[in-house]
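In the two assemblies presented below, chain A is common to both, partnered first by chain B and then by chain C.
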Partner chain A sequence: MSEEALRGLVSSRSMSRGFPRLGRFIFAECVAGAYLLVFAPVAMIVLISFFAQEIVSFPANGLTLHWYANAWARPEFSRGLLTSVQVAMATTAIGVPLGVAAAIPLVRSRFPAKAGINVLLLAPLALPGVVTGAGIYMMYVAAENVLDTDIKGTMVGLVAAHTMLTIPWTVRLVVASLQGLDEAIEEAAANLGAGPFTVFRRITLPMMRPGIVAAAMFSFIQSFENLDLTLLLVGPGRITLPVAMLNYLEFRMDPTLAAVATAQIVLVGALMLVTDRFVKLSRIV
Partner chain B sequence: MAILLVPACILILGLLVGPLCLMFRISLNELGPTQLMVEALSADNYVRAATDPYYQQIVLTTLGVALLCTAITLVIAFPAAYWLGRVENRWKSVVLIATLFPLLVGNVVRSAGWMALLDRDGLINWGLARLGLIAHPLQLMYTPKAVVFGIIAVVLPYMIITVSSVIESIPLQLEEAAANLGASPIVVFRRVVLPLALPGVAAGCTLVFVLCMNTYATAVLLGGPRFKMMAPAVYDQFIRSNNWPMGAALAFILLLFTMAFTVLGSLGFARRYGKVPRGPSERLAPA
Partner chain C sequence: MAKLTVERLKKQFGTSIAVDELTLEVAQGEMVALLGPSGCGKTTTLRMIAGFVAPTSGRMLLGGNDITRVPPHVRETGLVFQSYALFPHMTVAENVGFGLEMRGVSRAQRGPLIAEALGLVRLSHLADRFPKQMSGGQQQRVALARALAISPKLFLLDEPLSNLDAKLRAEVRTEIRSLQQRLGLTTLIVTHDREEALTMADRLVVMEGGRVRQVGSARELYEEPRDAFVAEFVGRCNLLPATREDDERVRTRGGLLLSSRRRADESSSASTLAIRPERIAIEPGHHAEIKGQLEAVTYLGAHTEYQVLLGESERVVVTRPTPVRDDPMLSVRTNDPVSLTWDTEAPRLIPETAKD
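Here is the complex of A and B:
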């Protein structure tokens, strides 16, 4: 972002008073620098994916879309993408209802040990992914020995672990949207003769919608891009896209990988923009 | 109605609390002479992690990298956080989404981007050579510096969002009053903005420090095989060495560090400011 644009963005009230020209210039450079550091690698990946040469070097010898076809032709990436999308969809479909169900009593009713349960429901977000993943890995192996069936590296095993991981997001987002909800509206509906189920379906649920939509997006993306927790839980033939990318990158970084990464960037960006049309992300976040 | 909580709680008890208990139990086991796990009740693995220079080095590297990254991140993030906290309303949502977007793209993708920048034939070496500043490509990849920069870029948005949420709540009139009374911008920053933003700074630093300690992808991809941090070391114990007890012990140590710093962070400013400000991850969803 240019310095002009930055200056334009900063509220004139806050900046014009007292800040000398040089100070404002340095400030704008610092802000631009921070965002450059964050965006440079993302922009770089997108750029590289169009380079004609097979080994990353500068400048480009021409531009091509060949690497996208090449990436899709590699089974680890096409199957990885498919696996990740399936896992993320199943995780969202199971995790969001579970999280919504848990959020309602957290806001609406009193019960013992409420604070403790709140901590428990938010815990997966606070604990390191590799540690949690290692624990689940050992438990899956132990359960496999007892039950004599595969769990590690199966769809069920992956979806169960990811669902656990996304519960805090859903709980938090839905609790936030429920707290802003005026209970008097529900009472009015009940007074006018609506049964509890009708009240829920016609009043509570629609009013929770922004929270639920945002929760679905965060759950999907969280599951789709998760690496730390997933690392130990993948198995032969069922490797998620981030793990496939990591395995590939340990040997080389090339435009094919950049094409895969760009596809993930576009997917995440598109999901955020679509979600933002339904609920203003800036108001939720 | 409380019955609605049961499924989510069972899931977390079964797939988080249960596995962590199992992990603690396994960390007390020993590795038998045939590389198989032997039931035991010993603290040997913890003693080894604390005394063996190999593991000491891993723990120290992890703490050092986390500390350095947190400090640099704070310095780089503060101006951006101030800007985000004060940006005009119609731009706010655009800037927030732009800040959030890299977080959701994933660490593997961003590490790959750094690889393209830092490689021998990467953009930085090419640019420096074109400018005539270097005769031979610099070795940037597989250095601790690369890891530090990679991690900083990953955690910056968290710090920006956390600190900006506190800056937003500082009334602009306070700054204007100070300025009217003759304080220079630097004095306004040092005496007004910074003290009031401290709860956000503390919350941001706690979160960022913990995230840095748990780095996996960035450390593996930018640090190379010889650079060892704790999260990759845990993975190696399970997959490469097949040493579950040691892996479990290392994982438990990492978990304890994470929890200790989180608790210390929140206690530290709870005592000082009377209440715990909204934490960073909470910031991603207002209470």
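Here is the complex of A and C:
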């Protein structure tokens, strides 16, 4: 974005008239800096994925699609992608209904431990993924001893851990969408003859849809991109894409990873665009 | 349509009593307004009648059936909310048809009924719109149509005009009243706006602190308020602490003797002289019996308001049509001497709070 356009944006919106010129200039620079910080790494990854040379250096020796071909050819990436998508979909399918169910009483009911439960539900957000992952790993080991069955390294174990990771997001988003909901609308439905279950199905649920759609998207992305927690829980043949990328990095540092990352960026971006067609994400998140 | 009877209805939240032994009747086809300041218990009363709040004690009958413990969705009341409460994800027609759908009316049969309800509020042309594409006045009319479409036994209105601007308010008010009369709807409206209540309802119930202060027609409440609260709540009123001197006069706390004929129903605990500003005549100079000093003049267009100091510390407000041309009041300025006169029947000596 050009500086002029930025200044126009800044002065026409939040800045009041008569704001000192210097101050306005500094503010515009800060905004530009923030945009740069957000977009530069993404732009750099996309750029590097086309570089011809194996060891990244500037300027490029030439541009190539070779790394994309290489990424496609290596089975660990395609298998990783498949695993990641499966895990993310299962996580979303299980986590969103659970999160919605957890969110409703947090908004609608009064019970003694409410504040405590609210904090506990957000706890996974505050813990480093490695710590949570280690905790879950140890719990799985203990559970395996008792149940005499494999949990760690299995799909079930991974999905369960990811579900736990995504629930705070779902709860937050659904709570926000429920809080903005006028209860009079549900009462109006009851007044017109709808029983409690019908009110929920026909009124409450459709009105929560934006929050639920956003929650589903965030859950999917959270699970799809998670590395730190997943690292300890994957097993042979169940490697997710981020873990596969890390493994690859141990041996080579060519732009293949940038190509995989670019593909990932495109995938997530497409998901957001599709979601945005149904709900205006910027209004919820 | 059916008659509503509310008997000794009480609602207690913890230790605070929101509604205290309220008894009320709305005759078939009658429109009754619950009027009172916020927190007086009027909304709680309405919500108990609609079924959203369970009463602590007392009972409610609709068309002879006890509905006290009946859940809201089978009460057959049509409730219109202050916030409209339209279903945002449904079109106008779907909103209006929702109640019919819940009653198992088939899609084919719903069509004409929806059209009829929308016709009542003159919105047939907007049937396919979504609520957010409409103005506040239109949304409130959709809410009216939605409540009427189910042919409720009782029509309930919860501050239906509060979210509308002044011009629309008058329009929707007229619309509600004419619908109510045309269809003979048994109606209970809750409002804090006295003008709304005075202009729409057949009878008004003035509430305060969870209790009924007075029930009556708009004229009765305005002309014959039972106590100072009602007098002031239903309209502008001069209230002067005073005691009965003889059958024709009262003495104010400030020591002034003012004319006020004793009424047959005057309470022995009456301690406030109430007189409406428009019942007082004002003239320049000190030629009449009640002498005072003009403190302030407020021009209100059609009317002008005069604040007059009587004696040492007692103030009354006088309103009259704004003087024009040769009217002697035109030349009166602040601090000038003025005199007041009133019909000896005009003021009433009433209690601060009426006791039952």
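Everything below uses one rule, namely that the second predicted complex is superposed on the first by the 249 of 285 C-alpha atoms of A that agree within 3 Å, B and C clash if a C-alpha of one lies under 4 Å from a C-alpha of the other, contacts with A are read in each partner's own complex, and residues count from 1 in each chain.
By definition in this document, contacts are C-beta pairs under 8 Å (C-beta built on N, C-alpha and C of every residue); 3 or more make two chains touch, one makes a residue touch a chain.
This one's a predicted model, so the numbers in the text were calculated from it and none came from an experiment.
In this overlay on chain A, chain B fits alongside chain C without clashing. In the superposition on chain A, contact is made by A:I203 with chain C only, not with chain B.
Centred on chain A, the angle reaching out to chain B and chain C in the chain A superposition, using CA centres, is 100 degrees in steps of 10. Counting the residues of chain A touched by each of chain B and chain C gives the higher count for B. Of the two partner chains placed by superposition, only chain B is touched by A:A34; chain C is not. When the two complexes are overlaid on their common chain A, residue A:R21 makes contact with neither chain B nor chain C.
In the superposition on chain A, A:A189 contacts chain C only, with no contact to chain B.
In the overlay built on the shared chain, the residue A:R277 is in contact with neither chain B nor chain C. The minimum CA-CA separation between chain B and chain C in the overlaid arrangement is 17 Å, rounded to the whole angstrom. Comparing which residues of chain A touch chain B with which touch chain C, the overlap is empty.
Residue ranges on chain B touching chain A, taken from their complex, read 1-2, 4-5, 7-9, 11-13, 15-20, 22-23, 26, 76-77, 79-80, 83, 86-88, 91-93, 95-102, 104-117, 119, 121-123, 126-127, 149-150, 152-153, 156-157, 160-161, 172, 175-176, 179, 183-185, 188, 210, 213-214, 216-217, 220-221, 231, 234-235, 238-239, 244, 247-248, 251-252, 254-255, 258-259, 262, 281-287.
If you check the complex, the residues on chain A that touch chain B are 6, 9-11, 13-15, 17-20, 23, 27, 30-31, 33-35, 37-45, 48, 55-59, 98-99, 101-102, 104-106, 108-109, 111, 117, 120-121, 123-132, 134-139, 142, 160-161, 163-164, 167, 169, 171-173, 175-176, 179, 221, 225, 227-228, 231-232, 242, 245-246, 249-250, 253, 257-258, 261, 264-265, 268-269, 272, 276, 280-285. By the touch criterion stated above, chain C contacts chain A in their complex at residues 50-52, 71-75, 77-79, 81-83, 85-89, 98-99, 102-103, 143, 146-147, 150. Of all residues in chain A, those touching chain C in their complex are 182, 184-185, 187-195, 198, 202-203, 206-207, 209.
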